[in-house]
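Okay, so chain A shows up in both of these, paired with chain B first and chain C after.
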Partner chain A sequence: MARKSILGLFDNADSAADATDVLLEAGATQDDFDVLTGSPYPEGAFGEKDPVHHIYVFPIIGALMGLTMALVLTAGTQVAYPMVTGGKPILAFPAMTIICYEGTLLGAVLFTIIGIIFESRLPRLRLDPYDARINEGYIGLLVTTEEEKLDDMERALIRGSALEVVHERGRALRG
Partner chain B sequence: MHESHHVVAPSYLDMTAQEITNDVLKRHHSPGNQFWTIAMILGGLFVVGLVGLFMLIADGFDNKSAWGYYAATFGYVFSLSQTAVLVSVALRMAKSHWRRPLARISEMFAIVGVYSFAMLLPLLWVLPSIEGRRSLWFEWPGNTPHIWDTMALGSLVICGLAILYFASLPDLVTDKEVSGKSDEDVSYHPLIPHWFGAPKHWQLQKIVLGLLGGFYFLMLIIVHMLISVDFAMALIPGWKDAIFPAFHAINGIQASIALIIVTMFILRSRSSLGKYLELEQFWALSKILLATCLLWFYFWWSSFFTYWYGRMPAEIGVLKYIMFETYSTVFLLAFTMCFVIPFLILVVNVVRKTIWGPTLAASVILIGTFFNQVRYYVAGFSVEDHTLHVLENLPDFTAPGPIDFMVVVGGISGAVLTYMLGTRIFPIISIWEIKEGLMLQRVRKFMKRDIRVLAKPE
Partner chain C sequence: MQERVRISDSQVNTDLTSSIFESSKLYWILVGFLALVVLCGFTAAGYMFNRGLGVTGLNRPVMWGFFITNFVFWIGISHAGVMLSAILRLVQAEWRRPATRAAEVLTVFSLMTAMTMPLIHAGRPWRVAYWVFPYDWARGIYPNVRSALVWDPSAVFTYLTSSILFVYIALIPDFAVLRDRTTGVPHIIYSILSLGWRGSVRQWKLQIIAGILLSAIILPIFVSVHSIVSWDFGTAMSVEAWHSTVFAPYFVIGAVHSGVSAVVTVMIILRWMFHWEDYIRREHMDSLAKLLIVVATAWLFFFALEFFFGLYALEGPEVALRELQVFEAPWKWYFLTFLITSYLIPVPMWLIPSVRRNLWLMAFTTILVNVGMWFERFIIIVPGLMRKQAFVFTWGGYTPSIVEVTIITATFAMVSMLVLLFAKVVPLIPIGDAKEGMILHDEIKIGKVMVPAVMREE
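And then the complex of A and B:
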């Protein structure tokens, strides 16, 4: 069954928070809607569920990979081109530590960037309805559900005091 | 009655989210003729600097002392620009509310990091091989430290740009949406239409900014160490000071705070951003600036007295070279302008609690920091024989010539120009953070005065 999205617009946060209850009463689940805002609200302010993500795994994997690469690179180079200096061991750990530190951080940074892109699902295959007024202080309730339930959800949004229900992307209304 | 003169009314931005969005974006899209006039002048000076650089390259890379002022300019641009990003990172971690208007001003310096990375590249050809001389790297095979310094600075630049991009993403989306651009518009980054401010997006953004901020801090300190050791300390025979890299970083932190204060002052007076950049931001930063002035002295003193009491020939040679004989004038200028003058300005509370006071102190620090870089980098590059263990015969002072002036002025102008052009891509005021701040604070009556009430969700 194809899923479609509609966007309910609210001019204040309280109405939007109340409307989430109306949506739940109308048969929507927490997974069926997202609250869109132009600035971050305190987590849970709209009664939304805690987003699930695994972002912390990415820098750990990246750091381990970076460290491994740096160890292989540094130890490998010294073993391949052995130079004994002042009777010191072939593997110069103080110098290796610096490169391993660099490699670990570089890996962590790169994987963190990959992590946010992946976990935020960017770019998305489908662009949902959006309205520029969200960036000017309005709150959007984006409902994604089966096509047959869409009318019920639209009615729920209107019942929940939505000022307008947007069906298409690309509207950029001003003032 | 007397006390009432010292009561500062809580600053509160009396604007709606829509007004903030439209106001910042209007200024973002219409910087004004003065902006482009200044950009053209800076562009001209940058070209002069490029000519100077080509003249240096034409003379070859063997005469290292000719590159001293270029290295000092690189050290200056690197220290200021890369460390400036840390101000936003640290204040965001501390969850301070007053940092909101200056967050983007600080993060925008990540763009200048690309410029400082480009400045590093010619120096890699000038930096002598570690063969036969003391360095951080022992007898490491290959192009050490060249490749590792490049990798370290490159990683820092990538991290800084990522912080800038993900911190700006909501504002880039706002810019696109409010300007009514279509999703297919190629002037916007492809990720922008796909980021729409869902709770998960905001949460991930917050976490990632925290993670990248932590990595940035960890990386910045080691890059300060590598640059200061490889391009200054290791080039001067007998200089083995464990405190110097930390001192270099502290000077960078001090100068970058000063840089942000001066940038705020310019934006306030030239871009009519006074309603966002108020006394609160200057006052708060001036306290940290005062602390860094004291830290500057503390680190310098710690570094100095171990050499002073040690009195080994190598230590005496270093002190004479970079402090008391060859570069004594430069050292005195740096000492006075990085510590004495700003300390005397900022220690007075009445002056600190103004906009002009911290700006004056910050301007002096920015000049003093340049002199500080000169006494390290020019002194380092002026030594002929880096394989010595003791500086027995002090090299002469390298006075700046016409090419040096071209490189210094052009190099710094290029950095300022890069920053200015960055403001054409990213709004200089973080719209979403200002809006979030407004949502979390109110001014309420408390007995006979107004106080600001801040909400702390966490």
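And then the complex of A and C:
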């Protein structure tokens, strides 16, 4: 069944938090709504569900990949074309450690970045429904539900003192 | 955080994007002047590439001069970003908020500038690729990863990549603000850069975790970068006076000293130029100055270790270096300048609370620190190479040429210009962070006083 979204706009955090209770009373579940804000709020401020993520796995995978790549680069190139310089061993451990250290950390950073973007569900091609006023201090309560429940949810949002219910993306503000 | 004023989200957006939407005549005059200096630098570098390194003051035995000094200096400045941003994020210091972006941006641009220095120093920059990238398939020769020449690029490349990505991730919510406040082409560009950010609970949570996680990963990179730079010296077989085991921590703490000082200078200039008095407050300067006292004193400790334990064994090269640095002109004057400007003037001044809250004096003292720290690198490098030693048929000094002076001056102009131009496209104070500070700030009454109650995310 097709699910659609509507966005309730609130001018303060308290009324948005109260509106989530009204939504739950109207039959929505915690998975049906999300809170959009222009700045981070303390966890649980809107009674929302704590999002599950696996971000901490990414740097570990990245570090292992980076270490492997660095080992291949350092050991591989030296073994493939062995050339003794300064009487040092072909696979000089202290020198290899430095490149491996940097490679490990580079891999960890790159995978962490990928992980953050992936776990944040970005990039997102469509914003709808969205309103530019969210970045100006408004709180958005985004409800995604079955099409036939949408009217009930809209009424619940208005009952929860939403200032406006947005069905499509709001106009961008001029700076 | 007693000086904080409550400002609406909309006003925060307007204030912090003012650098993008409004520009004073002074801004463009300054950028134009800096661009002119950068142009002079490019011209001088072009002239040097055409004529060869003979137009510089470099000659046997001093083959490292202004360029390498400047390389170490800018690498040092780049340590500001991670020191302030990462450590203060990890310890969740409330006063970090206005400083992090400026510090991270300074890191990126100073690293980029630092990377140009060895390239210019090489005389034929295109040949540097032979040392760094494994591309010479035809002859089957790869870069020797056992060489310190490969360590440096790998560390700097890792640090630069990480810093750019760190800045970008933290900028995504601010790009969304700019997306919502612009139209036309800027709107399209900011829409792409913001990746469709909406500010959901999940996105903000990941954004906070990103700050902490990336800080924790970048910190070891930050320590490694200047350590490896110090090993460029420490592992140089022919220069015995540089064979110091304390070089790595000494360089790292010196880098933090100059880097944090540079961030303070930049913050004061930004506050003055964009009227960010409500965001970059005197209490921030106060906290940064206290941090600087600790950092500067730790640096002095390592300097003393390096100096005294070097002399303790009474080895010839070490004694020759110290004799040059302390007793012979012009080095003794540089040495004195370095000690006075990097510690003896600023630190006693920072001990006075009114100085820590005086922006002019803070700007003055932090600029002094960087004058001193530049000289510190200069008197390590040049006297180290020109000391009298056996089996060297030339004992020579070093006088920089006008070409070198022009290029070095241009690097300072380039970093300043890039920071100012960056302020034209992104807010140099993180908007989301500033707003979060407003949300978390509240006051509670204890007895007869109202005190700030700051709740922090765990």
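Here, the second predicted complex is superposed on the first by the 161 of 175 C-alpha atoms of A that agree within 3 Å, B and C clash if a C-alpha of one lies under 4 Å from a C-alpha of the other, contacts with A are read in each partner's own complex, and residues count from 1 in each chain.
Basically, a residue touches a chain if its C-beta (ideal position, glycine included) is under 8 Å from a C-beta of that chain, and two chains touch if they have at least 3 such contacts.
Quantities reported herein were computed from a predicted structural model and do not represent experimental measurements.
Aligning the two structures on chain A places chain B and chain C in a clash. When the shared chain is aligned, chain C comes close enough to touch A:L73, but chain B does not.
Of the two partner chains, chain B and chain C are each touched by A:L122. Of the two partner chains, chain B and chain C are each touched by A:D34. Once the two complexes are overlaid on the shared chain, A:D21 sits clear of chain B and of chain C alike. Once chain A of one complex is fitted onto chain A of the other, the partner contacts of A:L142 extend to both chain B and chain C.
Once chain A of one complex is fitted onto chain A of the other, the partner contacts of A:D151 are absent, as it touches neither chain B nor chain C.
When both complexes are aligned on chain A by C-alpha atoms, chain A residues 34-43, 46, 48, 51, 53, 55-56, 59, 77-78, 81, 83, 85, 88, 92, 95, 98-99, 101-102, 105-106, 108-110, 112-113, 116-117, 119-124, 127, 130, 132, 134-137, 142, 172, 174 touch chain B in the first and chain C in the second. Residues 8-10, 13-14, 17, 20-21, 134, 140-147, 150-151, 154-155, 157-158, 161-162, 165-166, 169, 172, 176-183, 187, 195-210, 213-214, 217-218, 220-221, 224, 228, 431-432, 435-436, 438-440, 455, 457 of chain C are the ones touching chain A in the complex. For chain B in complex with chain A, the residues that touch the partner chain are 16-18, 21-22, 136-142, 144, 148, 151-152, 155, 158-159, 162, 166, 170, 173-174, 177-183, 190-191, 193-208, 211-212, 215, 218-219, 222, 226, 431-433, 435-436, 439, 455, 457-458.
Listing the residues of chain A that touch chain C in their complex gives 34-43, 46, 48, 51, 53, 55-56, 59, 73-74, 77-78, 80-81, 83, 85-86, 88, 92, 95-96, 98-99, 101-103, 105-106, 108-110, 112-113, 116-117, 119-127, 130, 132, 134-137, 140, 142, 172-175. Against chain B, the residues of chain A that register as touching in their complex are 34-43, 46, 48, 51, 53, 55-56, 59, 77-78, 81, 83, 85, 88, 92, 94-95, 98-99, 101-102, 105-106, 108-110, 112-113, 115-117, 119-124, 127-128, 130-132, 134-137, 142, 169-170, 172, 174.
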